[in-house]
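Chains: A, B and C, in written order; residue numbering restarts at 1 for each.
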Amino acid sequence: MRHLLSTGDLSRDEATLVLDTAAELAQVSGRSVKKLPTLRGRTVVNLFYEDSTRTRTSFELAAKRLSADVINFSAKGSSVSKGESLKDTALTLQAMGADGVVVRHPASGAAHRLAGWVDGAVLNAGDGTHEHPTQALLDAYTMRARTGRVEGLRVAVVGDVLHSRVARSNVLLLHTLGAEVTLVAPPTLMPVSVHTWPCAVSYDLDAVLPKTDVVMLLRVQAERMQNAFFPTAREYSRRYGLDRDRLARLPDHAIVMHPGPMVRGMEISAEVADSARSTISEQVANGVSVRMAALYLLLGGS
Amino acid sequence: MCARKRAESDAEASPAADPTAPGAQTARTVLDGPEIQRALTRIAHEVLERTKGAHDVTLLGIPSRGVPLARRLAERVEQVEGRAVPWGSLDITMYRDDLRLAPARALGRTEIPPQGVDGRVVVLVDDVLFSGRTVRAALDALNDIGRPRAVQLAILVDRGHRELPIRADYVGKNLPTSLRESVDVRLAELDGRDAVLLGPARPRPGEEDDR
Amino acid sequence: MTHSSAAHLIRGARLTGRDPADILIRDGVIAEVGPGLSAPDARVVEADGLIALPGLVDLHTHLREPGREDAETVASGARAAAAGGYTAVHAMANTDPVADTAGVVEQVWRLGRESGHCDVQPVGAVTRGLAGERLAELGAMAESAAAVRVFSDDGMCVSDPLLMRRALEYVKAFDGVVAQHAQDPRLTEGAQMNEGVVSDRLGLAGWPAVAEEAIIARDCLLTEHVGSRLHVCHVSTKGSVQILRWAKSRGCDVTAEVTPHHLLLTDDLAESYDPIYKVNPPLRTAEDVQALREALADGTIDCVATDHAPHPAEAKETEWATAAMGMLGLETALSIVQHTMVDTGLLDWAGVAERMSAAPARIGRLSGHGRPIAPGEPANVTLYEADTAWEVDPAALASKSANTPYRGMRLPGRVTATFLRGTPTVLDGKIQ
């Protein structure tokens, strides 16, 4: 594999390799010298067409820990915002000799297009409502670190599945790794063909929770109300938000995950977000290790 | 994501060990199981002697086959002195100088004993000393982990052909070889039996391994 | 056009695929048809093994002039049409300025005349500026030199049911037809591709079949109610076919077209995220394709229309969501129809002549086109070699644009000659 565009492209062995590699690389952040020489002399471009300080910083840190040169090419204040096409930008990156391009873009498929225009490896850091592979990998990593396995885990993914790149990447990856995924959302926020996806579907969160090892909450944007996806934030939160009462329905060992940024009070109550069940801060730390692993595996060899 | 599996890269060394594989006829055993055991026992004694009782010694094996060797050495030292010697593993993949010559490799494990390496006498342990590049990478890796008081090198087989100014402090067997030959170390923990085999070199494209 | 006034004797062509005959063309009309004709003054066109079809008529072409002459002009589009075997095309109204006045439609019509490669019949907009708010001056366009009979907001749907009703009623006065681009705008806000398994996987906003079908159903009922004439542009779904079949069975005066690309291509092509496959209406599923082929064969769908939609390279060399919708069609249409309809046994060459010439001419009220190849008829003739194949090279097309989804594909059949009122616009496969 030359690029990381979709978790659907990863075989079980490849996905496991990323997680294993990340587990080894996680040690680096505990050392006094938090750096490996592996990607010395390699150039990684962070090409971000959407504001995402969290993801960009995570990739930047990951690349720097591997000693790569990192160029941040953000949409603001560059030719990108002046209407330069993605292709022209790609040709510029090509001319700069970018060995790897980390791309975040509001259009689904932008990473695929970019991969056709540059020689370097393309890492999809989120493309529209399509995929966000490293997020899914770090989620799987976090599940494995917390529970010791991914295979056979019962994972409920709750929220705006329709518009979620995190949900798409997670369904594909978790299925590959042998987890049992149940998507939970109001029917309006489910894709019409969701029954063809390798997962179960439910509209009833309360019924799903007792049979769940991992609850993954997706961000729900309040502006979805304007398109009648649900009547009010209050009703959404009442039916699908994770609060203390719902937390109590979970088995004792179950964990609560959120890809961030959270809308506290909407899909998750502050109390739940800050509880010991929550892996939210671990997810951030694990993100760096998983991205180091992805960068190493794509750029570290010939 | 075309990382080569660790098991796979080790498997490259297996034809000589497999009597049914081509080339098996020409590989010959240069150290058998008991000889390996005796060599390790001798090294353990030398370590004790040179480090005056191995009080500050930490043994770090280089994956894959350096790790069981480090563990065996630690066991022998403990048998003699009645005191546990910290041992662990130090993966050098991320420090290799030939990474770009092959697809990305799967990482080995790095497990540093809780005492750390600062102020310790670290004995690096590997199966074969060849070009010296693995040891060079190990020294770099060690440098990023801490500051040992001294670093020594224990090797089961030294086959010569050094490309860097590196030598072993403890050697199980000096084995003069030609570059057209390969040295394969089999260990019971990984391969089911102990042996050191000398056979014809197999092409290892883009790989300069210390074998 | 050196042979414009010359007589031509086409020797041995199979008329709409039947027995070989000679065709003598003189003074812009077909003088004689029959075996063993001779005319010493005529230039002989050897047509042994070729199929003679009445010149093709396209009900749905985007020529981009005025406004986007970088993508296509009336002249370049007319050359592309001739190369594809067409002798008349209907130029859609979504130009800049919009063809919503007598002035603009006459300009387009005149440019077509000047080009000489193909008759260019302007389509008038239904509503001013295609805004869907107020009717354009339909009567003025009908009475202009361009004698507009087809009215369409194509690209936009006349979604307001009251406005659609009024338009259907109003055009009755001059035997006009409203050609509807059936797309419910609310159901397709931000839509990128057919809604289904592929769109869900790709994370591209879905374009549900019902957005097309609901409008078609409504418009058929409106048409029946007011006793007018409706034409449905680029039918793309199985459900639409079923609704049309039902409406026709009730006696509704509705006609419909299908594009070549909807007869062949499916939505899974979007998996490449290459917007060369982005088109409006979107490519649908294999099941839809099959239903469309059957509907074209049984006459539920009356004709093939290209929806030729040229775009400059930069409009397609981009991410999917920002790319322009549409694909070239004029120069590949006949080959695609052969591939999907003739070679599959669904249609014979007489059927092709009906679906690609006679029916569209009838719907567009073009009296000089779509006529049989018979003495006294205007000499609009296309010679086609079915037993050959060619590889589509976008750069080799006559269109100014290169956005063909068939790039690199081997297609059957080639147009070897096109005669427009006796004048060869294509001869020996070359545009004259």
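Everything that follows uses one rule, which is that contacts are C-beta pairs under 8 Å (C-beta built on N, C-alpha and C of every residue); 3 or more make two chains touch, one makes a residue touch a chain.
Not measured: the values here are computed from a predicted model.
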Chain-level touch network, classified as line, ring, star, complete or other: line
Centroid comparison with subunit B (C-alpha atoms), farthest chain: C
Subunit A and subunit C, separation of their C-alpha mean positions in angstrom: 46
Computed distance of Cα centres, subunit B from subunit A, in Å: 39
Averaged-CA centre spacing for the pair subunit C and subunit B, given as whole angstrom: 74
Residue ranges of subunit B touching subunit A (in the complex, touch as defined): 1-3, 5, 91, 94-95, 99-110, 140, 143-146, 206
Subunit A-touching residues of subunit C, taken from the complex the two chains share: 192, 195-197, 199-206, 208, 272-274, 314, 317-322
Complex contacts: residues of subunit A adjacent to subunit B: 1-2, 4, 10, 13-14, 17-18, 20-21, 24-25, 27, 31-33, 35-38, 66, 294, 296-302
Subunit C partner contacts - residues on subunit A that touch it in the complex: 85-87, 105-110, 112-113, 127-131, 165, 168, 191-194, 196-197
